[in-house]
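After this come two complexes, each holding subunit A, first together with subunit B and then together with subunit C.
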Partner chain A sequence: MKDLFAVAMLSGIYGLLSASLFVTMDAVDVAFTEASVGAGISTLLMLTTVAMTGRSENTVRHKPVLALVVVFVTGALLIYGTLDMPYFGDVQAAANLHVAPRYIQDSFQEIGVDNIVTSVLASYRAFDTFGEVVVIFTAGIGVLALLTFTRRPKGDTEINSLNDSMHEQYLIVRIVSKILIPFILLFALYVQFHGDFGPGGGFQAGVIFAAAIILYAMLFGMSVARRVINQSFVQLFAAVGVLTYGSVGVASMLNGGNFLDYDVLSDDPVAGQHLGILLIELGVGIAVATVVIIIFFNFAGRIGFSKREGNKE
Partner chain B sequence: MMDMVIDISSALCLLLGSFLCLSGGVGIIRFPDFYTRMHGAGVTDTLAASMILIGLMLQNPDAIVILKLVMILLMTLFISPTASHAIAKAAINSGLLPLLDNKENKDGES
Partner chain C sequence: MMILGLYNYWIVVVLMMIGLYIVIAHGNLVKKTVGLNIFQTSVFIFYISLGKVDGGSAPILAEGVNLYSNPLPHVLILTAIVVSLATTALGLAIVVRIKEAYGSIEEEKIQMEDNKEC
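This part shows the complex of A and B:
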């Protein structure tokens, strides 16, 4: 398969199929995140990259036989390893006996949120989620470090006006998206704060928020979008998101508990848990939304740039 | 009596929706040209989804469920035709010509 556009779309379809697989396994939170990230943003960013690099892959001179053999051997070893594993959903399986019963039984008394996934993600395993947020932030920093360019030279104004005049054609899509973008942002806020009671939480909300902003940027042109969404503000808020998460942990330490132990954040431990979960989900949502916006703006900002460089050479 | 009418109409809507989904799927594969395939995809997205949603609305008399389904229906009616329009417009702008009757036009496929 040489067409990179088709490859990007196929990976998006794969993300959507695995999201439906998760739904059949009753893991709705994970399905939500996979659908929004894997089938939504990931496909979008890959298509943006394909728009920059060109549609077809360079032809390989030799047949990669060695790589195929390695893949086969590794896959066979992995399948052989799974023969030993317990059946899917087995009550006696080791994974289901260690901490899972304690989480399931004690989650409501200790933390008081209905959604066990949120309580595990945000309270019992808050440290791992902190690692995830820092990884996302690092990805954003990496993109910024590699792709930010200095002030654009003056030849830009013509390209900007070309973008705007081309976008005059997209009248219907523009009008409909003007109606819908506020609702998308509102839905992102709803998902953010509804994570306690149903599927949702910071990651999905951040991605949906960023998707609304990206939709606006795609339809109305990058120059207008840069004026609406100030880049330094977005970069500042990426750091603010991670800092919020970390400072909740530090605040619990200052109050006498362990790092990210929310029981000590308030007089009543359950209220402390609620407060802690609310604050860290907010931090996660802010960090994810801003990092995805940063990545998209840097990718899309390079499209005109690299074409102009190609024309100059 | 009223229950039976509601049951039967919801079953009809769901069946119609599923049939439209199936025929849309067949259409996407079997139609000869990009634009006719877009028509199949658009019908599946909009009308089949709306039929299934209306059938689901009739199944469950709770007001909150009906309200949520109405919101989803509104969103679908807004978004799917726009998406189909956007795809078709992108195709026209890239220069993909529809497969017309005159045999000189050989590039109907992408």
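This part shows the complex of A and C:
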């Protein structure tokens, strides 16, 4: 396929399809994340990149026959390897016998949270999740370092106001989404705080929250959105999110427990767990939402910049 | 029947190889990123399919349900998806910078520019 626009849209559809595949395999939390990330945000980022780099692809391939041979040999070896694997849906598979039964049987007494995925994510494997949040934060810093302007070019406001007036055409879309945005934000908060009982949690809530703000920025123009959402404020909050997570860990150490051991946060271990999970999910939500907003604003801010550089040449 | 019970792995392998082929054979950097994404998703599907238990339900405790799917792969993949978003964004940011520096995102042209400078 030569048209990269179509490629980006197809990859969005692929994301949505794999999300429905996850639902059929009982992974509702994962499907939730994949639907918002794969079908939403990453398609959007791909489209902004395509807008900057051009829609068409050079059709020349590097040695396609050789690549096909490599791919077929590797694939055949991998399929040969699967012959030793446990069958699909096997209860006795090695992966299902190690720690999983303990999580399923004991997590309610120990953590007091209905959603086992949340209790494993935020309590048993909290240290892991902390690392993951730091990775996301680092990626946000990386995008900032790569794409931020060091100086704002002159005539920037003029071009932006031109863009804004162009948006007047989409009056119906604007009004409808203006009504929808508060509900999307509300839904994000619901997902955030309902993660204990149903599918949801900080990661999904962060992405949905950021999606609402991105929708606003797309429809009302970047200059308006920049005025509404202060960029340095967002950057500060990305750090606040990670710090919230880390300081919960430090707080439990100060109370005499291990790092991220919430039992000591309150007199009752289960209440302590609840408090700990609530706080770190909040930290995750803030960090993810702000990093996604940072990434989008830097990508979109670059579009005008690349075009102007191109005209100069 | 015996061997058909492994079909989930075959789907994973096919998707993974599609991703690998795109990464090897296409010179366009945006397409390479799409290929990497497909590769990544195949690994996600591999993990989730490992955790699936026949007749099990989603791992949210409820009355009257005794068999749950394995929650551990779900946790690992849930965080991996968000990390994949972050890394994809970083990769695309590098693609944008390459476009600005070289005026192209095709591998051959970038290589030609590099050779000229040497």
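Heads up, the rule we're going with is that the second predicted complex is superposed on the first by the 309 of 313 C-alpha atoms of A that agree within 3 Å, B and C clash if a C-alpha of one lies under 4 Å from a C-alpha of the other, contacts with A are read in each partner's own complex, and residues count from 1 in each chain.
One rule holds in what follows: a contact is a pair of C-beta atoms (placed from the backbone, for glycine too) under 8 Å apart; a residue touches a chain by one contact, two chains touch by 3 or more.
As the structure is a prediction and not an experimental result, all values here were calculated from the model.
*Asks:* Tell me which partner A:I179 touches in the superposition: subunit B (first), subunit C (second), both or neither.
*Replies:* It touches subunit B, and subunit C stays clear.
*Asks:* Per the contact definition in the header, classify A:P199: touching subunit B only (first), subunit C only (second), both, or neither.
*Replies:* A:P199 sits against subunit C, while subunit B stays out of touch.
*Asks:* Which of the two, subunit B or subunit C, is in touch with more residues of subunit A?
*Replies:* Of subunit B and subunit C, the partner in contact with more residues of subunit A is C.
*Asks:* With the two structures laid over each other on chain A, which partner does A:D267 touch: subunit B (first), subunit C (second), both, or neither?
*Replies:* Touch status of A:D267: no partner.
*Asks:* Contact-wise, after the overlay, does A:Y170 reach subunit B, subunit C, both or neither (first, second, both, neither)?
*Replies:* first
*Asks:* Which parts of subunit A are touched by subunit B and by subunit C alike?
*Replies:* Touching subunit B in the first complex and subunit C in the second, no residue of subunit A appears in both lists.
*Asks:* Taking the complex as given, what residues does subunit C use to touch subunit A?
*Replies:* 3, 5-10, 13-14, 16-17, 20-21, 24-31, 33-34, 37-38, 41, 44-45, 48-62, 67-75, 77-90, 92-97, 99-100, 103, 105-109
*Asks:* Which positions of subunit B touch subunit A when the two form their complex?
*Replies:* 75, 78-79, 82, 85-86, 89, 93
*Asks:* What residues of subunit A sit close enough to touch subunit B in their complex?
*Replies:* 169-170, 172-173, 176-177, 179-180, 183
*Asks:* Give every residue of subunit A touching subunit C within the complex, in rising order.
*Replies:* 4, 7-8, 11, 14-15, 18, 21-22, 25-30, 33-34, 37-38, 41-42, 45-46, 49-50, 52-54, 57-58, 60-64, 67-68, 70-72, 74-75, 78-79, 82-83, 85, 87-91, 93, 95-96, 99-100, 103-104, 108, 114-117, 120-121, 125, 128-129, 132, 135-136, 139-140, 142-143, 146-147, 197-199, 201, 203, 206-207, 288, 291-292, 295, 298-299, 302, 306, 309, 313
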